[in-house]
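Each structure below appears as structure tokens.
Shared chain: subunit A. Partners: subunit B in the first complex, subunit C in the second.
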Partner chain A sequence: MGDAVGHLSLGRVLRILALPAALVAVWQAWGSTLATTSRVPLPSGVAAAAWEMITSGDLQLAIGVSLTRVLLGFGLGAGAGALLGLAMGYLRPVERNVDPVVQTFRMVAAIALVPLAIIWFGPHGQAAVFIVAYGSFFPVVVNAVTAVRSVDPTLIRAAKTMGLRTVEIVRQVVMPAGLPTLFVGLRLGMGNAWGAIIAAELTVGATAQITVSSGISSTATAASGGIGFLMFYLYDNRVDLSQIVVAMAAVGMAASTIDRILRFAQYDLIPWTRYAR
Partner chain B sequence: MTSAAAGRVWRPVVTGLPGWLVYVRSMGLFIVVWEIAALQIGNPVILPAPHTVATSLLTLLTNGSIYHNALASLQRLVVAYAIAGMLGFPLGLLMGLSRVSFELIDPVVELLRPISSIAWIPIALALLGVGFALPVFILVYVSIFPLILNTIAGVRSTDRTLLRAARTMGVPRSRIVRHVVVPNALPAVLTGVRLSAGLGWMALIASELVGAPSGLGWAIQFYSGLFRSAEMVAMIVVVAVLGFATDLALRALQRWVTPWAT
Partner chain C sequence: MPADTNGTVLRLERVAKRFVNQRTGSESRALEDVSLTIEHGEWVSLLGPSGSGKTTLLNIIAGLELATSGSVLHDGRPVVGPSADRGMLFQEYALFPWKTVTENVQFGLRYGPKGAGVSRAERERRTSELLRLVGLTGAERKYPHELSGGMKQRCALARLLAYDPQVLLMDEPLAAVDAQTRAVLQEELLRVWGETSGQRKTVVYVTHSIEEAIFLSDRVVVLARDPGRIKEVMGIKLPRPRMSELRTGSEFRQLVQRAWNLIRDDAYRATLD
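Let's look at the complex of A and B:
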């Protein structure tokens, strides 16, 4: 959306920066009128906290742990979703019989399953991976079905006439034609995945705090539980909230970086997507 | 969403069982498999059997627990939507109508949008505390972006010829906005509302899991803390059913408010 307009003139850069800069200034000015006991984080404190968290490596560690889980869960969920979606899109009986179950479970928010996942997998990484897999599965399934459906039937008939086997038709005709739509599902699924990991790790943090009653003593140990866990730890153990803001900014940056990578991957891997939108 | 584009159904329509019967058959089979699995595992904490979940569902329905918590969640949903609508719609309208305001406000929107609503929960916990304000704040945050972006898109999709015609006939700007731009943008706005409802429902549950004294998310967490999985799964079922019902209600609203778009 933002990159629709072409060159960056000085005036445009100023306009882009104007409101964010003004808001930060107002935030800082307003904050300095508050009592010193106030827990409201300030821009100056956030900058200092960012420096501290980056130099100690805690932020990178937490993001790395969460990213690993997202990739694992997304791989499982999206992989299964793409396979099932392909089968459902291509084989009518499969769709007819599986679709009710898929549609029913699509209504169950991944986040609602976090407590169940904790019971199944324990308050560790696996619960978060499961939630990510669950959250990324459904957009991929739905879009994979649509992807297969959007393939020009003439192409499939032509391939059939020329004696291609079903497997070959799927590989040579359906996949290339449906890939752009499938990719939309992958991007949606990845967006879900990144939101789900934070929710899962937060809830794991909230649960762990109840059961272990904070056996975690340092930011570094908390960071190894992922960014969501780290955020809950910071909320629970620190008076200064600046580090939470740093973690939030990191979450946002990671999300937009992931989406950008997927978008470039889309253009790179399936160049014809530009025409097929 | 892309179903219109995918309208070319190239397989012959399978005649046979009516849709609802296929649904019952598939879900029935699923429940049978679940029942057998629960029997095999033999631990109601890990996997409660469907019939115990059904019993719990009935108990929770009759003792009013579902009613109270669902009401708490839905109240938050309604309040948050009212706030998001009052903020997001005018903001989207402004950004869609004026290039300068778009260029000024859009950077802030794009800066905040990637930060998932759920990441706001810890700081909201610290600043707002556990209570009504936290889930409402999270919900407003999550639902406002689709609303703003869809309103902008709706405003921009207004037919230029209509605008020029209205201007030629000397209609004042405020009335052009009211009678031409807003009706034209409304379908896109409502699509934004439906999009954000799906996201909002998830965010609501997430915020209630950690930061509310009541509500469906809280109930799920509460029963899981007691290791009463049957009640927990029953609450999850309620969340799913209500999520589905919300979407149905919004679809009905869409058909009612913008009959020309559906």
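Let's look at the complex of A and C:
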């Protein structure tokens, strides 16, 4: 069954890699025309930096720490968002009262909460998890409301004429019918989560740097603060742009892998949309 | 009226329904003073042009909408909401797209009150029997989007019969299928209803097709519009079982002509809305 999206043929791999390879080639060619004093990171330098960061284990450590925070924060934020969205979509009074609050806070970027988060949770991982949860909450809430609203009313009427209680209608009709739309929110929320984690770790890192002053002395220590913290450290202490580019690429790859897993989950959980539309 | 009737199942007393337009505040009278009794085992069709309130009336009988005034009694008890004793067939099929044919048919038994005390084995037995009855054997594991319109309505019919409602309400169930499929399914509906067995359920059938109403029904309730109301109740004494040859007979043609005379003016005005 998985062939439609799952099968990676050689041709498909080549097609996926063609554009990135071309971009890297252009980047290298353009960079080699610049003076050696320029601070533009080049593919060759980035590759060397990547090798160094992988063999030392710093990159894996940093990504692992950040990924844990992303999953934890996303789980909290998306879970709360899905439940609140379900309630808002199904119960008009809840929607009328809660929607203005949601719409207002939705416009406040997750990074704006960094000062609050640091004061509440200290310059630790908890603050980052909180900011990720905040960032992933809103796309899920908004899409969960839409998901409930877009359920074909005839399906609900059909379930009513079969005598189903409201609880069963929500469980057996509203939730499965809304699942495809909810997944849109989950994927957007996961994107926000990655945006939030970098912002949070960069600033939390900066704060920690100030608080502990010279406490952080090695890349390894910085890496244990997550990929954003590592990026701040590289910027602040080493001014090593190649390593920062490695960190950026690692985030992109980790985030797109998670997104791909979500898409597979969607494909598995929602078999009826495989061929429809 | 069929010979095997034994009492009134549905009694409508002076049912009226008014809608208020939220924007203009003006009131429209969808139904006015509808009184009707429907006997056990009877097939009654509600026939009328668009705007005559026939679907609204069916929804009120189902309990999906409430009458503004008047009352609906089912077995002597007032209808205050939907019930598994009054099942419904929808024009848009209303199959659950995330469920296979089998799961759709079992839906009412698994999640509704009619499933209490029905064992899994009994559920399976009933499902395969119904799928055979409607001609869907072999499609058990298909999803609705893999079915044609005709197959979807067959599946919806099996789902309706699975939880054994006392009254079957059908809201233009064949309006969305092509003409040949419709002719076939009309006879299928009569066969499944039990035209030959005598174990007939009460059916209230909404349609805007005169021929369909006459072909299927024991009585045709012709509705007029502005306001929606009963114009005339036609008794259809054509013999059962009814086969498609009946449609060309002179008695059938005369009934069609009479019904058309009743609704022609309203149908004409409906095209000017």
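Everything that follows uses one rule, which is that the second predicted complex is superposed on the first by the 229 of 277 C-alpha atoms of A that agree within 3 Å, B and C clash if a C-alpha of one lies under 4 Å from a C-alpha of the other, contacts with A are read in each partner's own complex, and residues count from 1 in each chain.
Methods note: contacts are C-beta pairs under 8 Å (C-beta built on N, C-alpha and C of every residue); 3 or more make two chains touch, one makes a residue touch a chain.
For clarity, every value in this text was computed on a predicted model and none was experimentally measured.
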Which superposed partner A:146 touches (first subunit B, second subunit C, both, neither): first
Subunit B versus subunit C as contact partner of A:176, first or second or both or neither: second
Partner chain(s) touched by A:109 [first = subunit B, second = subunit C, both, neither]: first
Touching partner for A:19 - first (subunit B), second (subunit C), both, neither: first
Which superposed partner A:162 touches (first subunit B, second subunit C, both, neither): second
Touched partner set for A:124, first subunit B, second subunit C, both or neither: neither
Per-residue contact with subunit A, leading partner among subunit C and subunit B: B
Set of subunit A residues, in rising order, touched by both subunit B and subunit C: 152
In the complex, subunit A residues that touch subunit C: 152, 154-155, 157-164, 168, 172-173, 176-177, 179, 270-272, 275-276
Touching residues (chain side subunit A, partner subunit B) in the complex: 1-2, 12, 15-20, 23, 39-41, 92-93, 96-101, 104, 107-116, 118-120, 146, 149-150, 152-153, 156, 181, 194-195, 198-199, 202-203, 206-207, 210, 228, 231-232, 234-235, 241, 244-245, 247-249, 251-253, 255-256, 259
In the complex with subunit A, residue positions of subunit C that touch it: 62, 64, 81-88, 90, 92, 94, 96-98, 107-108, 111-114, 143-146, 163, 169
Complex contacts: residues of subunit B adjacent to subunit A: 2-3, 5-6, 8-11, 14, 22-23, 25-27, 30, 45-46, 100, 103-108, 110-112, 114-123, 125-127, 149, 201-202, 205-206, 209-210, 216-217, 220-221, 223-225, 227, 229, 232-233, 235-236, 239-241, 243-244
